[in-house]
Amino acid sequence: MNSAKKIINNPNACADELLEGLVLAYDGKARKVGKRSIVMNDLRPDAPALLVGGGAGHEPIYHGLVGKNMADGAACGDIFAAPPPDIVLEATQAVNRGKGVLYLYGNYAGDVLNFDIGAELAADEGIEVRTVLIHDDVASAPAAEKHKRRGVAGLVPITKLAGAAAASVDSLDELERITRKAVANTRSVGVSTKPGSIPATGAPTFELADDVIGLGMGIHGEKGVGLIPMCTADELAPKMLDLLFGDDLELNAGDEIVFFVNSLGSTHMMELLILLRSARPILEKRGLKIHHTMVGDIVTCQEMAGVSFSITKLDDELKRLWDMPCSSVGYTKL
Amino acid sequence: MNSAKKIINNPNACADELLEGLVLAYDGKARKVGKRSIVMNDLRPDAPALLVGGGAGHEPIYHGLVGKNMADGAACGDIFAAPPPDIVLEATQAVNRGKGVLYLYGNYAGDVLNFDIGAELAADEGIEVRTVLIHDDVASAPAAEKHKRRGVAGLVPITKLAGAAAASVDSLDELERITRKAVANTRSVGVSTKPGSIPATGAPTFELADDVIGLGMGIHGEKGVGLIPMCTADELAPKMLDLLFGDDLELNAGDEIVFFVNSLGSTHMMELLILLRSARPILEKRGLKIHHTMVGDIVTCQEMAGVSFSITKLDDELKRLWDMPCSSVGYTKL
Amino acid sequence: MPKSTLSTAEVIEMLNLVADRIIEAEPMLSEADRNLGDGDHGLGMKRGMEAVKEKLAAGAENIEKAFSNTGMAMMSSMGGASGAIFGTFWRAGGKTLAGKDQFDAEGLASLIKGGLDSVMARGGAKPGDKTMIDALHPASLKAAEVASQSLPDAAQAVAQAAVDGRDASKAMIATMGRAKTLGEQSIGHPDAGACSVAVIFQAMSDYISA
Amino acid sequence: MPKSTLSTAEVIEMLNLVADRIIEAEPMLSEADRNLGDGDHGLGMKRGMEAVKEKLAAGAENIEKAFSNTGMAMMSSMGGASGAIFGTFWRAGGKTLAGKDQFDAEGLASLIKGGLDSVMARGGAKPGDKTMIDALHPASLKAAEVASQSLPDAAQAVAQAAVDGRDASKAMIATMGRAKTLGEQSIGHPDAGACSVAVIFQAMSDYISA
């Protein structure tokens, strides 16, 4: 059972080639750096830098979140593989403007290992590096063990906020503080209905019966909280929201939030909109004020089917940052 | 062979429910009107109106192109079905501000029939209506028979330009003139690798062998210029561009264009970026200046796989309109 | 017992049978559209006929209204090419029966002729373009020919002509609608709308002869 | 003929055989990762080993460099968890051989011990966490135990320990890496990285004994 029928060239060169394409999609606003990094041109002088990154194959994240009031650069790994330390280093050097670099990426073993080595190499070059890990997936570990949680779709609102901060503040301390708050205020939960495939082989990334949904599954098929029978949007939305509400992020009546409905790839926007229709009344019934709704396929895994919900709670500071326009291949907001 | 595993509710209520979700996605900037229309709030007074529309199931088009400096409203049909005349009428009445309404939609028999009846009903109400058909698909009929050509992904840059015009000009004449120019300057070609499915039944929209690509196929599986063996991105891009270059739109060295790489649904952004990498040097070799590159899945057919290329040639007027920011669920530009 | 004329109530009953038969035929009609178009013809017709049943449940003032309400219900519930086309057919055809309080073989002929003319004016298709017209046009010719016969005989002949027309559409090349660019590849399959026309007239004949 | 010590050139030859065996085992290694992780372990290791072959084609100054260049090549070409982990293993292990011009059973023990310590420091995993450490740690214990035996005997014993460790990983619950949330569902499959370790030491033993 192989669902892949891919329009690619050399199956082992996908990451390199997509990055070249991505740079072209920026129409001169970003450039390729070193082996496999992408960095914005015209960076604000004397400012702390925001660097994101991760494995390829999940486009438009991570490298597609480089942009105006978004990330300054990204270190791009091979398909589903964290970027090696030397790529992290080349990206770090390219984004640094003397005020240090904040690494912001999803909490995966490979990413932590490679970014950490990259940070050590950067320290050898005299560049100050801080790291903020994204661990928004409530289904991947209990709230008490956040360090074990994966980073999933919440990285988009988090990067948007961090990017706005990077464009506004003057110190790495401030950038780190705000970014940590964005992470602390963001929770996600995903479900999967069909696997994606590995471009190099065409093999599915996991197996899932036709009549079940993987509740809480990660974007590579990591298991979540269990399998549930295939169900309707109206049945699924409360199950997903219960997992979010059951977590340790306080969400009280009157709180303002960003709500993000994300497709993991081939789940169609029709379905996202129907799910949004199912979810919104539940959010509103809790008294939450939806400051902004995001709908799209931004955190994906090839042609994987499934969706995720993310909630980011905004305080006044985050709201001001949220309302800044931003532009990137992956997410643009007026 | 049924590829559908959809997160929906009542399979026959998808269009109604997705429209409700879509309105929510606008966070109060648009509202539902009548049976199944969506219209922006806060329309500029005394201005000509831009109305788009078509069948549902292709989200984010058509109704997701309603927005700031985009369409003023959309008449939304059932899945893959043009909106009935009374829905066209309700949308027409809601967007009209005394300066008349321009209908802009893809050239499909059902849409023409229903929008034409809607226009007659609107005329009975004293509303002036003009119609501009989108027929950008070069593979659907010879250049001499444009009236037989389908409207495909070119509708996104065309709607962007028409929306910018609607936000700028004061007469229906001007809006029509500019929109006709945008249509005249836009060409598209699509290929398909896998069918979508009909949400109500789960049946695939067409059949296609695993080892072939439908060159020039339409978004509902309408046949194009023929089947070609499955091939690489580097092989496919020139085949698609040849069809565009072979058409009657003059594209000379120095001309500025918008280039749009669109996924029909489940073709992943990785593939779009790799195809962009294959296509851009060919465009540049012809001396074309790429003013703006668009990459995304905006014109889709459920989980159909395939891509399209669209080219819009810009003159000074269109370029000015292009550079205006716009915001909608389907397409946002800073 | 075969009916020589139909009252308004009987026309409504007949249209309900037509609706049921179309709803039943949904998979066949969708499949026909999948071969040539986007595969939704049966779904659209079903949606339209459900709206027709709902509309007719409130009754109708007269025969004209029974038919034209059918057309309005289809037109505003279906969308798509066939919503406009079949809606136009019943509305325009029904109008030719204004003032009539009985539906007979002559009424059948004028219903079909009036509907056909309007469909052609609306959509611009001609016989041979592989549309529902290729079942409707022969049905109209036959209806004129048998307008002086008994209603059951006329209805049966018309139904047969529609069926033959549908079958003849197999050999045609599609040029209209979603199928417009299939060209020669459309040969061998009947047109979906023509299949609907055949189902409609067969149901009418069955009601009248029963 | 079994080799009692290896020269730098022979170490390079051995590492080339290791590379070929890993490349050959790609499908098995990917499949192992698919059961528990994201299914790309074989692809990453293959990419790394191709880079190793390219790097070693230029030769290496000494034994230390042959191993540490192997690590650098893996680390900078692979990415992912195993790029850092296996890269660290060879680099740190190789450093323990600084100044050596022959590779013997003692060298084997210090290579593995040095590599293991650094891997554990780097990644924070311990024996029992269902990682490549579960093949590496028993191999390291065995290597220390047999450090005074002949190189072929030592290498064979170490390979066997790695294979046993790999098999023992089947019964463990994954907590690290992409598999970290599989929990009990990970029982029954060996860890992908442990499979690589077994392939590596088997290849080394085969080269040494041949």
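Points to keep in mind about this one:
Order of writing sets the chain letters: A, B, C and D. Residues in each chain are counted from 1.
Definition applied: a contact is a pair of C-beta atoms (placed from the backbone, for glycine too) under 8 Å apart; a residue touches a chain by one contact, two chains touch by 3 or more.
Computed from a prediction, not measured in an experiment: that's the story for all the values here.
Minimum number of contact steps separating chain B from chain D: 2. With every chain reduced to the mean of its CA atoms, the largest distance from chain B is reached by D.
Each chain gets a centre from the mean of its Cα atoms; for chain C and chain D, those two points are 75 Å apart.
Centre-to-centre separation between chain A and chain B, using Cα means, comes to 28 Å.
Per-chain CA centroids place chain A at a distance of 54 Å from chain C.
One finds 32 Å separating the Cα centroids of chain A and chain D. Annotation for chain D: no residues touch two or more other chains.
Within chain A, contacts with two or more other chains are made by no residue at all.
Chain contacts here run in a simple line, from one end chain through to the other with no loop closing. The complete set of chain-chain contacts reads A-B, A-D, B-C.
Contact residues of chain A toward chain B in the complex are 5-9, 14, 17-22, 24-27, 56-57, 59-60, 64, 68, 193-194, 196, 199, 210, 230, 232-234, 236, 265-278, 280, 290-293, 295, 297, 300, 302-303, 305, 307, 325-327, 329, 332-334. Across the interface of their complex, chain C is touched by residues 12, 55, 77-87, 108-110, 113-114, 116-117, 139-141, 148, 150, 198, 200-201, 203, 205-206, 218, 220-224 of chain B. Remark: chain D residues 27, 30, 34, 37-40, 43-44, 47, 75-85, 122-123, 175-183, 185 touch chain A in the complex.
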